[in-house]
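Dropping the structures in below, format is structure tokens.
Heads up, the next two complexes both have subunit A, just with different partners, subunit B and then subunit C.
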Partner chain A sequence: VRLWWCRCWALLSRPAWRLRARRGLAAGPEMHFGFQTVTEEERREKIYQVFESVAKKYDVMNDSMTLGIHRVWKDILMHKMNPSPGTLLLDVAGGTGDIAFRFINYVRSVRERQLQRKLKHHQNLSWQEIFESYQKDKFNSLGDSQVVVCDINREMLKVGKQKAQHLGYSEGLSWVLGNAEELPFDNDKFDVYTIAFGIRNVTRIDLALQEAYRVLKPGGRFLCLEFSHVSNPLLSRLYDLYSFQVIPVLGEVIAGDWKSYQYLVESIRRFPPQEELKAMIEDVGFFKVDYENLNFGIVAIHSGFKL
Partner chain B sequence: GKARPSHSEPRGRDGRGGEEEEGWHQLYPGHIPTSPLQKALLAAGSAVVALYDPYRHDMVAVLGETTGCVALPNLRDKMKNHPEGYHILQERPRIRLSTLDMARLQGLPDGSLGREYVRFLEDNKVSPETRMPPKFVDDEELAYVIQRYREVHDLMHTLLGMPTNMLGEVVVKWFEAVQTGLPMCILGAAFGPVRLSTRKLQVLATELVPWAIRSGLNASCVLNVYYEQRWEQPVESLREELGIFPPP
Partner chain C sequence: VRGQHFPPLRALQASAALRRASDEHKKEPLTSSSQHHFDPPPAGHQPEQEPQGPRPSYTGHGGQESEDYESEEQLQHRILTAALEFVPEHGWTAEAIAEGAKTLGLSVAAAGMFHSDGSELILHFVSECNAKLSELLEKEQKLVQLGEAEKKPMDEFLRQAVEARLRMLIPYIEKWPQALSVLLLPRNIPSSLNLLTSMIDDIWHYAGDQSTDFNWYTRRAVLTGIYNTTELVMMQDSSPDFEDTWRFLENRVADAMAMSNTASQVQSTGEAVVQGLMGAAVTVSNAETSWVLR
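Take a look at the complex of A and B:
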């Protein structure tokens, strides 16, 4: 029985496809869609359809597939960003708003602490000074911070807006339909650009990175949270086993959609590993590019600055 | 033909251009090849979800496909060994709105199979289009058998005279469980009643289920009937021919 199990395990998680793994940059008109070969246009269309169909169950599926750990990953991203009040954030492929809401929460709590400190300081001021400070301070709970959520998919934005309404987020939040490869924003606009679990689905990653560089202010920061490659061989096998055997089943049982989740796990395998993505980010002009592995490389946060 | 269960590896390394379907072992349109582990997980997951939310018909369907590995070949063999069944396997008729001539069926005399079938569809507001195509059966002939089973389900309702409410569905499931031996039917028959009131349960237990079982055991295989050629036949006569006892 053990022999059979070993063989099974080996077969089930054999990474033989890596021999012919194609990278994100399209060489000619042929591209990958998961493990299929398609044209660029077909790929965009297929990916649009995937997210159209998963939009309503997106959050439920994320929780089931990652056993809730995706929330921790996103929290870590926010802590790394450490935004101060007044930051203007662009969240690309932000769909259902997870990063945006976290940003608002974070900035709100920083702002609260700021205001509390100010109040403490105010205890020793003269009446005149206190009066003057009331004129200046707009008691803005967000301190002028703003987040723009940009996504190419209408359904995902729709779900995001509904969530925002349901959770009570309204201030400092806007939703824009747009393509990461061709952003509808002017140059040098944003303080921070994030793309969480989205860049994998972009057809021309190089274009998305160029756009990121363009819309960031000088001094702005690029942050990318994405599934990446596990180098530990044992863990990698377990991860493959889980990805290929369990995740599509979860997709079928919870969302009634096997194929979209099959696409998901395949697209993760197709995505460039940490060092390659780092090189791509550097190529576009970002400086101090670095990455941090989370959970042994299952997920990685890449960061870069426009200087 | 039979397929080896896939291990989710891509094939076609000859660099063929254009689209290569991810169904490298795809046997029929809509087929998703699965490994034994995946089938086991699907069976467990779909059973839980189907129990929790009986309106997830897709989960009931998936349960049937993933657990039918013994019952489906048995059914297929029963069909092969019967002249009418063999005929069905050869011609592979489908019961769909596009293949049914609803106007003609409505025009048939009362009491005929066709007329009663249409009446059943109208009364219960169902349509033959709602049957899920199979995805996880790894043999395309068996995929047809399960498809036929699904499409014939409404005719079972007609022959047994049962409506599509929970009670009626459970009775039909008991009949089908005995007839086909599909684990999905057996599970449905056993767990379906948990959502019924005690009064209905009583009726179920004392009258309907014993009748369904007796009929199921007595009747010849219901998949061996070429229904499409028997629309004019009176329901009573078809019941007698099959060996289904009159409904209580």
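Take a look at the complex of A and C:
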């Protein structure tokens, strides 16, 4: 315990921006891993290890770090998407399935409303016809909607599958191991592509965006929910304080893993701000690219269409 | 309203390819050698994503929809027009827009480009109806000018114009009350009011109104009132072919005509009264002066 307090004190007494950058080894383009500088390969490996170690406590940590507000953010994302039954969703870096489960719930309720409306219109059909249409619809509670959860990390997928089983989600859900920079899917397959709190961890964001463009159908939508930059100076100071002083401590206390959560807050600072990400999305070929700030820029939802 | 500016005239790759595929049997294939670009696309933009056919070529005239090129607005227009077909079933909702997008070969997610309450769809429909009305009135005016038809009396003209415009609502009449309520949302009021006033303006223009005085305002206010009330009556009219509505309309127009006569009568009466009062005042002042002088 004393060792832990020492580490705590050591970090608290150093302002975050004075953390030194360490030179990476060998060849390969230099990238950032939090505030460190590493090669591309190293970065991928380190990030894999980060998520491997946090996988089991991922949801708990999300709740404690964001005080449960991440649920609201994800709900807002779902409302923005407003999927209709029959939508095919690809959730990349969707590890523990938060977005996927919300999608299934949303589509289910929309489908129910649709069926109710249909029943109202069936007032003057024969009993036989009503029975037949009811049969057809009863076994289609999702209206042919499907969600594919793709993640690069086996541990995160494992946790996700367990959660699905535990919560009773079985229909319309698939789990695929894959890299966002090189998706194992054909062109023009999906209606919506989401990446929630994942694009920050992708090593080559431009490749991930290109892959997103590739696998989307014409008219398909790209949605990205990610931590972003707070422009309000006062709020920014408070946010920094909270991020660097509180979150790693929570990480150590709850998940026993200081370093991963240090990486988390550093990677947020290194991620491009709203306008830059918007430009990157436009460069890949998306149209009507727009972003919506949530909580003054702590989180932003970027949206684009493949037209 | 977003503070973004659209990158000028970037060709819409995916939807252009879809349209090309569907139009193939109608038009001859274009050669991509004749390319007058209105604005050169950003460098390096093209080579990266070219899974579909050759680069679209187009003549560089304005934002016109020439062979393969269309802007985002034009695509949105097409989606909304296609969506109108599904309104009787789904209402003025994002679902109808999604179905419309599907018929164009786009993903249902394209409905996300529009508001989820269907505002854009309704406004699009209203402006299309107004455009159709203008065309109709223009044609009629041409016929009158060519001497092939007789010029109608004012009340007849107004009645027919309003009826023609309201008849365009008939295919969507069941879901129109929903549309009206959406048009009254604070967000939509500027646009819907704009569309309404320009339509009324149009009708008066073709009716031959050339007033430049206060009459201009009264005329528009009166016709707007007639139109709105008739529309509401139409909502809950269940008579065959909306006979009751047209009778209501006829009565309102007759009222308006009578009122304008009354108005001019009132004006002359008013003038007469004023003159009388003036006369009385002069008499009284004369009486006073003469009394003082006595």
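As a working rule, the second predicted complex is superposed on the first by the 266 of 307 C-alpha atoms of A that agree within 3 Å, B and C clash if a C-alpha of one lies under 4 Å from a C-alpha of the other, contacts with A are read in each partner's own complex, and residues count from 1 in each chain.
Convention: a contact is a pair of C-beta atoms (placed from the backbone, for glycine too) under 8 Å apart; a residue touches a chain by one contact, two chains touch by 3 or more.
The shown structure was predicted, so the numbers you read here are calculated from the model rather than taken from an experiment.
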Partner chain in contact with A:F35 - subunit B first, subunit C second, else both or neither: first
Which superposed partner A:D283 touches (first subunit B, second subunit C, both, neither): second
Partner chain in contact with A:R221 - subunit B first, subunit C second, else both or neither: second
First (subunit B), second (subunit C), both or neither touched by A:W258: first
Partner chain(s) touched by A:L250 [first = subunit B, second = subunit C, both, neither]: first
First (subunit B), second (subunit C), both or neither touched by A:S126: neither
First (subunit B), second (subunit C), both or neither touched by A:L307: second
For the subunit B and subunit A complex, residues of the former touching the latter: 7-10, 13, 16-22, 32, 35, 37-38, 41-42, 45-46, 48-49, 56, 58-59, 62, 135
Contact set on subunit A toward subunit B in their complex: 8, 11-12, 14, 16-17, 19-20, 30, 34-38, 42, 244-246, 248-250, 252-254, 256, 258-259, 262, 266
Touch list for subunit C against partner subunit A, complex: 2, 4, 7, 10, 12-15, 17-18, 45, 48-49, 51, 72, 75, 94-95, 98, 101, 104-113, 116
Parts of subunit A lying in touch with subunit C, wherever the complex brings them together: 80-84, 86-87, 114, 187-188, 191-192, 210, 213-214, 216-221, 278, 282-285, 287-290, 303, 305-307
